[in-house]
Amino acid sequence: MGSFKGHALPGAFFIIMGFWWCTKSILKYVYKKQTRTCYLSSKTLLRRAEIWEGVVSVFMAVTGMAGEQFISGGPYLALYKDGQWYQLLEWHHTTMYFFFGLQGVVHILCFSTNLVPTSLSKLMLSNAIFVESFIFYNHTHGREMLDDFMHQLLAFTAILSGLVTFMEFLTKNNVLLEFLRSTLIILQGTWFWQIGYVLYPPSGNPTWNLTDIKNKMFLTMCFSWHYAAIYIIIGLNYAFITWLVKSRLRKVCTSEVGLLKNAECEHESEEEV
Amino acid sequence: MGSFKGHALPGAFFIIMGFWWCTKSILKYVYKKQTRTCYLSSKTLLRRAEIWEGVVSVFMAVTGMAGEQFISGGPYLALYKDGQWYQLLEWHHTTMYFFFGLQGVVHILCFSTNLVPTSLSKLMLSNAIFVESFIFYNHTHGREMLDDFMHQLLAFTAILSGLVTFMEFLTKNNVLLEFLRSTLIILQGTWFWQIGYVLYPPSGNPTWNLTDIKNKMFLTMCFSWHYAAIYIIIGLNYAFITWLVKSRLRKVCTSEVGLLKNAECEHESEEEV
Amino acid sequence: MGSFKGHALPGAFFIIMGFWWCTKSILKYVYKKQTRTCYLSSKTLLRRAEIWEGVVSVFMAVTGMAGEQFISGGPYLALYKDGQWYQLLEWHHTTMYFFFGLQGVVHILCFSTNLVPTSLSKLMLSNAIFVESFIFYNHTHGREMLDDFMHQLLAFTAILSGLVTFMEFLTKNNVLLEFLRSTLIILQGTWFWQIGYVLYPPSGNPTWNLTDIKNKMFLTMCFSWHYAAIYIIIGLNYAFITWLVKSRLRKVCTSEVGLLKNAECEHESEEEV
Amino acid sequence: MGSFKGHALPGAFFIIMGFWWCTKSILKYVYKKQTRTCYLSSKTLLRRAEIWEGVVSVFMAVTGMAGEQFISGGPYLALYKDGQWYQLLEWHHTTMYFFFGLQGVVHILCFSTNLVPTSLSKLMLSNAIFVESFIFYNHTHGREMLDDFMHQLLAFTAILSGLVTFMEFLTKNNVLLEFLRSTLIILQGTWFWQIGYVLYPPSGNPTWNLTDIKNKMFLTMCFSWHYAAIYIIIGLNYAFITWLVKSRLRKVCTSEVGLLKNAECEHESEEEV
């Protein structure tokens, strides 16, 4: 992971998941507000989407674990070698990926069987995020000031998103908490990219001065700018989805309301997602 | 911002907003308790007031941003100059103002359209306050002890008011939480003035000794006194508004209850606000 | 306050209030569970008791403030003298007492008029306790290790009781939270006495070694023992009150249920409290 | 306690209790979901089980206290000897056990009488855990880095499980919070064993290098692995119990539903637990 790619990969995972979660929340909210006709069909559809989400989670986690272990120069599953711990940082990353993979498995179980309470998935997600922040917090011993600071911000964002996920778990069905979680997850993702850019500049630029306090003050602000940008992008996404759903529903549900069958409706919604 | 005026401006903004919020809460509470006649009319009125509140927020934020950027000696939108970051403190302040401006825009959207959930405004407000406290927390590197302490108290108050706003977002319609938020916002405002007085005495007095522990102990207490004074002033405000609403309602709603029309009632309440 | 008496006075205040609160909660709980006959009368009685509680609070606060200011060697209301702050520690204590006095005034207003929401009193109480802990936290600059540690434990207990009071404010009518608050308030009181015994031994014993780590470890444990003792005493109090209410109710409400008048019943309950 | 056995004993206690709590929660959840026939009988059974749980708690606490005090080289109830505190670490442990014993007594009272509110037991449990974490936090003065780190992780886990227990106390009947608490309690137990293995290797291996940062980084990860393993074991336990209850209920409740008597049903469920 000590490279640009090693930070870009988890960053991309977080951005994709965050964006998907936020889109899902918006769709659920807008549908619930606009229509009551297609409710049941969209529910079975949602269930299928959730299972796919779990599968993608597991796939991402396995990719990440394999990448950490079997990249050239990686530990190749060796934990103890020549009388000392071997490549512990890579093992740390593997552990983090593992917990997200566990969450994926539980997510699939929650939505494919009736045996497990659904909110267990939320609990596992907050667990995975908390474990991530715990490991990041104990991850940066003896590094340069700026490197340390950026990873502490990551741990900080992770703790916040873990707390928000836990609150979601306690107070079910608060759509804005889901938004908030999505923004924090995307923020983690973009911050991974930022760390990559600062510590391992991809274009061959010289690395930043890691002991300059001015850089720290800039990155403090930069962190806030990431957050502001995420809010604006999600806002545009919200506006776009609202417009899409509205215009489509008017066509389908108003003019052909007599002819509409459940099956067709499900077909329609499938295209929209 | 490194001047008395630079602290007095945001201080005044916070005091005005805090006082308006607290007055709004009191009016809503007293009306709800005293009368049921004029309820609907005051609701449309409230909606209009909320939109104006958003407009004023945006105006304040734009003023603040412009002031930070285009004051003589300001960065004039230049972030990087001569091979290093340029005037980062002013950029920090600009960022804080930006988030409050974003909140204002969302507030207008929440109360002018039906598309966005209303409590999004609360969430954005708590976000803006948390970003403010985050930036303040990383803002005072390498300053004198007393300067640092006063800004940490600001960050502390901001965190508390952010938490209270977040609680409001979760538990809707608790009037006392709105009071509490108002008091903490006003406290931030008056504390900005106090910082201005201590660091840049306006009357030409000598500056305080920034390394004297006695000054720190006095300011600890002074902070509490600000808070006590705010409580007492809000208490008087509460008593005044209760008296006003009661005396007016007795005149209007009891004696002329047969003649009263909705339109008139709205007219009346408009004057009161 | 730099004496045994100066710590014994607030300690006694906290113990008295904590014990009264816990007795009140137990009585309310036991009555609610055992009987429905005398309910209304005990409610007006409770209201009167609450007002008296407020009066006693104000009295305690005024006593405390006067004691801090006008004791021989006190500041006599002088804050700034000979070019520097004068007796700031005494002023700190005065400020703390003031907030508890403010709470007392609000408590009287809450239960004597209908204009103020009742839970405002809880909010003011948590405010007063938070201000106390804030001041204690910034109170012990440059003292010996053990002195500092004991006052930090006081601040810690105060923060916990402030949090519990705030939770009570949010989730109304949870009798066990009231118990919890009482125990933490009594713990503060007994810990004040402990501080007095350690720093200013009343019997003329030599003072403790304030830099010995063993003393710190003992006091850590001692703090827990205080808490255990408080729980046991409150448990005995609970058992005693339950027995008292039960035996009295059997006499009054069962055998003479036909003759019983409201006035008599109130008279009875008055004696019990 | 400065030995492998001294860590294995409380570790075993925590693992047993955690496992029992998690099994109890699963049983309650699965029963509630699968059947409504035997509800009442399982309730009286549950009551009896709770009382036994309390008895076992008290027994464990007494064993622990006796072990700490009367082991060869223990303090034998002497707290102050030869002018200084005597064996404070053992006294610390005794205090922790005492609070868990107190919780056991309250648990018995809660489920054997109607006089005490049931959730008092939860409150006492969170108290006991908080006291434990408080003492652990002030327990490791002047030890080696790794020793200190491992005990701080213990205090950290204890604080988390205390918080979760407190949340359970506030929001009754959330089965997943009960799971979460169980996992954290088991994590404490296994971590006690880990501490024992690291500090006092039982097989005569050389002790670990307590100042090596690599060991710290490994133990950070190891802590997460413990947690993952606990989740997987509890998951298997969940699957096993679900299967058991389902297969048994099908036999009993479906085929012989006409013949079934309450007494028999209770008998059946007794075997299952």
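For clarity, chains are labelled A, B, C and D in written order, and residue numbers in each chain start from 1.
Please note the rule applied: a residue touches a chain if its C-beta (ideal position, glycine included) is under 8 Å from a C-beta of that chain, and two chains touch if they have at least 3 such contacts.
None of the values given here were measured: they were computed from a predicted structure.
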| item | value |
| --- | --- |
| Interface composition of copies chain A and chain B: same or different, split at half | different |
| Distance-maximising chain from chain A - centres being C-alpha averages | C |
| Intercentroid distance (Cα basis), chain D paired with chain A, Å | 33 |
| Where chain A and chain C are represented by their mean Cα positions, the distance between them in whole Å | 47 |
| Multi-chain contact sites of chain A, meaning residues that touch two or more partners | none |
| In contact (per the touch rule at the top): chain pairs | A-B, A-D, B-C, C-D |
| For the chain C and chain B complex, residues of the former touching the latter | 84-85, 88-89, 91-92, 95, 98-99, 102, 115-117, 119-120, 123, 127, 131, 134-135, 138-139, 141-142, 169-170 |
| Chain B contact footprint on chain A (complex, rising order) | 29, 167, 171, 174-176, 179-180, 213-218, 220-221, 223-225, 227-228, 231, 238, 242 |
